[in-house]
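In order of appearance the chains are A, B, C and D, and numbering begins at 1 in each one.
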Amino acid sequence: MSTFMSLGEAIASAVHDGDSVAIEGFTHLIPHAAAHEVIRQRRRDLTLVRMTPDIVYDQMIGMGCAEKLVFSWGGNPGVGSLHRFRDAVERGWPHPLTLEEHAHAAMANAYAAGAAGLPFALFRGYLGVDLPKVNPNIRRVTCPFTGEELAAVPALRPDVAIVHAQKADRDGNVLIEGILGVQKEAVLAAKRAIVTVEEIVDDFGPRSPNAVILPSWTLTAVVEVPGGAYPSYAHGYYDRDNAFYLGWDAIARDREAFMAWMKANVLGQGPEAFAAHGRRAAA
Amino acid sequence: MSTFMSLGEAIASAVHDGDSVAIEGFTHLIPHAAAHEVIRQRRRDLTLVRMTPDIVYDQMIGMGCAEKLVFSWGGNPGVGSLHRFRDAVERGWPHPLTLEEHAHAAMANAYAAGAAGLPFALFRGYLGVDLPKVNPNIRRVTCPFTGEELAAVPALRPDVAIVHAQKADRDGNVLIEGILGVQKEAVLAAKRAIVTVEEIVDDFGPRSPNAVILPSWTLTAVVEVPGGAYPSYAHGYYDRDNAFYLGWDAIARDREAFMAWMKANVLGQGPEAFAAHGRRAAA
Amino acid sequence: MTLAWTATEMMTVVSARALRSSDVCFVGIGLPSAACNLARLTHAPGITLIYESGTLATRPTVLPLSIADGELCETALTTVSVPEMFRYWLQGGRITVGFLPGAQIDRFANLNTTVIGSYDKPVTRLPGSGGAPEIMTHCGEIFVTMKQSRRSFVDKLDFITTFGHGEGGDHRARLGIRTKGPTRLITDLCVFEPDPETKEMTVTSLHPGITRREVQDATGWPVRFADRVEDTAMPTESELGTLRDLHARTRRAQGLAS
Amino acid sequence: MTLAWTATEMMTVVSARALRSSDVCFVGIGLPSAACNLARLTHAPGITLIYESGTLATRPTVLPLSIADGELCETALTTVSVPEMFRYWLQGGRITVGFLPGAQIDRFANLNTTVIGSYDKPVTRLPGSGGAPEIMTHCGEIFVTMKQSRRSFVDKLDFITTFGHGEGGDHRARLGIRTKGPTRLITDLCVFEPDPETKEMTVTSLHPGITRREVQDATGWPVRFADRVEDTAMPTESELGTLRDLHARTRRAQGLAS
């Protein structure tokens, strides 16, 4: 059963040093505010899990939170490299980063397998490529009917999933709309789940009978953080700040510029700083 | 790409003697009108596939359309037995019926595997039960990471799927809402798909960004048949006629009563007879 | 003493009492549905009801005739597809308690809903497995509800559709099943619970006015009684009133005589 | 002759021309997205565009910066989850053509987007696989778009991220892959297509003003030319105009200088 609490309380109670943490979001609804709180609380030795590590993981890696990264595509979407990620992999700064690397199909299926309580995910993939040579968690199973060999990867079962969504109701159920990514699967696969939302409403009101809702009893904590996905976006609330993503490239290229930015914008701030971005869209 | 056509044309072109046919619907949106057209066109030797064969399959079995049934629960929901199904299995009338029997979890996963282009479905199930002794299509695979043995069944890949939905737009895309069952999976798993709809609209209009829609290019034929799910129901259009289901018990118990009912209500009718039930719900 | 309730009402009330407000319950049609909604309308207002048709956290005002009546969807928090229901919700381990009936049951609460007679030449073809085998495996615990008779409470099942405690003892654990399986068998005469060691279903409570002899006469194996057998509390006026109102509403909604 | 277009515009136009109105296209960000939308706005109005973020049949009015900009969802027929996208839509075999880029490519159109240098001690760490390995396997055919240079068109990949034609010949078939793989490699200089037998990427068309020598100088292996090499048709005014309007709209929408 989910509990409403402050972001600081939610992170403090659910995210521990050494945990595997999936802060998910497929460009849309990326929980920047929650990730910043993890950084402020100085979590260490995390295994960060995400299909598409982007700016928030770049920040967490650069700030030394991560010991390992499980991922399938690490970049600044539409812009280029993640410079903090590259600095950690290429030069071990601030410390070396262990990689468990997959393709998207593997990660998506592995989250779904975790949500479904299965020990592994099955898909047709990884044919002829080099990744299985460097990732021992890519194996093969044989179809007992056709003899075809298929790819298998372990189910993802993070200790904590953190996602952002549009709305929670007073019972702590969460409604998510638009580009869904793997957020529902990440929440259902995780042992604990924190959801930040744009707003808490009395009732979701009229909606599709098949609306994507995470029931309260699948969640650990629900936190109202308007604007909490900025500079990514929240469908129906605010748009993606593409200029921020373009501008991040220069900040992240340089260790000192990065540290200065983090001090000014993360360490010296709180989640309330996001509220300025959390305006409700006209539509 | 889907094509609008009459129900007679759709069944004539897409359903052939000897085909495997999945006429799906989980109590909701059961395509009664389309099933009646299959009966009227005197299809034979069909392999009928469905998680929950109910009245329409009772009718098709009683009328001699089916050579085999692939299923996981055969009954008149909330009422009792399917008497035509029992007559075929227990006494071979009108002719014997081969069974391939599963549990719901197996069928649901097998449709999903078919939709996903996989040769088999994987799930945790069939532990300690007798069904694997009588169904050679239930096998085991071993998790390459944990050593756990899991259940495997072949993917379902019917020749034809037939489902009913609320709306099609002018491009032949289909919107389905409410209790979804396995209809989407059945359509995507099948080689050909026929959808009957309550109405064709110019545009679906405002809707959830995550509405359940079958794009036109996944469909073979779209047919407007108002009321085509009666006596089951269409969410937003009309309610289930529970009295019909209760009344079916007596009709189906007796071979002659059954044949008389089929002559009067199916063989001597056309899909337009369903229109009387297809009123739009006030809500 | 005059019985002021029917045997079905007694079973329903006892089943409802076993549910907690914190339960996430996988509901079957018929008596389980009545019991779960009775619990929700009485002592367990927070109970979460899930029907295998995909409706999550539904609050029907009348009982559904089928597993997927429109009422279930219209009053649900949301509705998911059937593959998702079986994968993320049931197999995912998110259900605390499930209800199952059977056509036949044995002393270890294994169930048969497939055939009476042989599989190839059945005397009576029953509906089959449905969701039962995996409901029994994946829910935290299972309540079985059945009326007792020697025809249905049998020494040996004609077909094991659904694995309860198997051959007893640690049989579930040996198959790698980590859930509790059948923790209660609620009948029109009494309540059985599994013996902590042998897992044989053992009478722990007799319904008002029922004797041990009556239970034995309706059971196809030598019945074990717990060291201490309780008296099932009588249905209260509130329980019966709420249940009867629910059924009356249901009959009116179905257009049937009240 | 003065080139009235950029190399990127040439690549985009040639890519767009390869698409048909009946295609269901798996679109990547950047040039593929521009090409697919150019095709939709010119000769292929019926083309179905799918982005891996889950948007089905989307019709963006401006180009997305990321694979999941709001615009893609708002103009889509509907949006599905990423697991569903990879299972039912991509692996399900419902996509006719996919676009892929690479940081490195070899003569059989295998791609590297993982590392330059060794995996364990890379000189340059690239983004990784993303959806590419399974896009290459599951789409009916693949168009690869890359600018040519000896740094990127290499004799041997540092890492095989994505399997094109492998070692050539029937290598795809031997792995059980039933799709065509890379059928075109569209560069800023020319178009390659696989030799029918060896599957080596072979130049079949040279862009206006480009010589064979220029192609060879920008390629890290001895380039094969088809028996008959076509001249790529120049971009038309209509193609260039539509493409430039699209980019101008995009820059305005992103709040950038037009």
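Keep this in mind: a contact is a pair of C-beta atoms (placed from the backbone, for glycine too) under 8 Å apart; a residue touches a chain by one contact, two chains touch by 3 or more.
To keep track of the chains, here are their UniProt names: A, B = 3-oxoadipate--succinyl-CoA transferase subunit A; C, D = 3-oxoadipate--succinyl-CoA transferase subunit B.
Treat the numbers as computed from the prediction; the structure is a model and nothing was measured.
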| item | value |
| --- | --- |
| Starting at chain C, fewest touch steps before arriving at chain D | 2 |
| Selected interface, B-C versus A-C, where C-beta contact pairs are more numerous | B-C |
| CA centroid of chain A to CA centroid of chain C, Å | 40 |
| Inter-centroid spacing, chain D versus chain A (mean Cα positions, whole Å) | 28 |
| Per-residue multi-chain contacts in chain B, two or more chains | 112, 116-118, 123-124, 148, 178, 180, 185, 209-212, 235 |
| For chain D, residues that touch 2 or more chains besides their own | 73-74, 79-80, 87, 91, 138 |
| Chain-to-chain touches, reported pairwise for every pair that qualifies | A-B, A-C, A-D, B-C, B-D |
| In the complex, chain D residues that touch chain A | 29-30, 52-55, 64-70, 72-74, 79-83, 85-87, 90-91, 114, 119-120, 122-134, 137-138, 159-163, 166, 171-172, 175-177, 254-256 |
| Touching residues (chain side chain A, partner chain B) in the complex | 116-120, 122-124, 137, 139-146, 148, 150, 152, 154, 177-178, 180, 207-212, 235 |
| Complex contact set, residues of chain B against chain C | 26-28, 51-52, 71-75, 77-79, 81-82, 85-86, 89-90, 101-105, 108-109, 111-112, 123-131, 134, 148-149, 178-182, 184-185, 233, 235, 239-240, 242-243, 245 |
| Chain B residues touching chain D - in the complex, by the definition given at the top | 1, 112, 115-118, 173, 185, 188, 209-213, 215, 217-218 |
| Complex interface listing, chain D residues touching chain B | 22, 24, 48, 56-57, 73-74, 76-80, 87-88, 91-94, 138 |
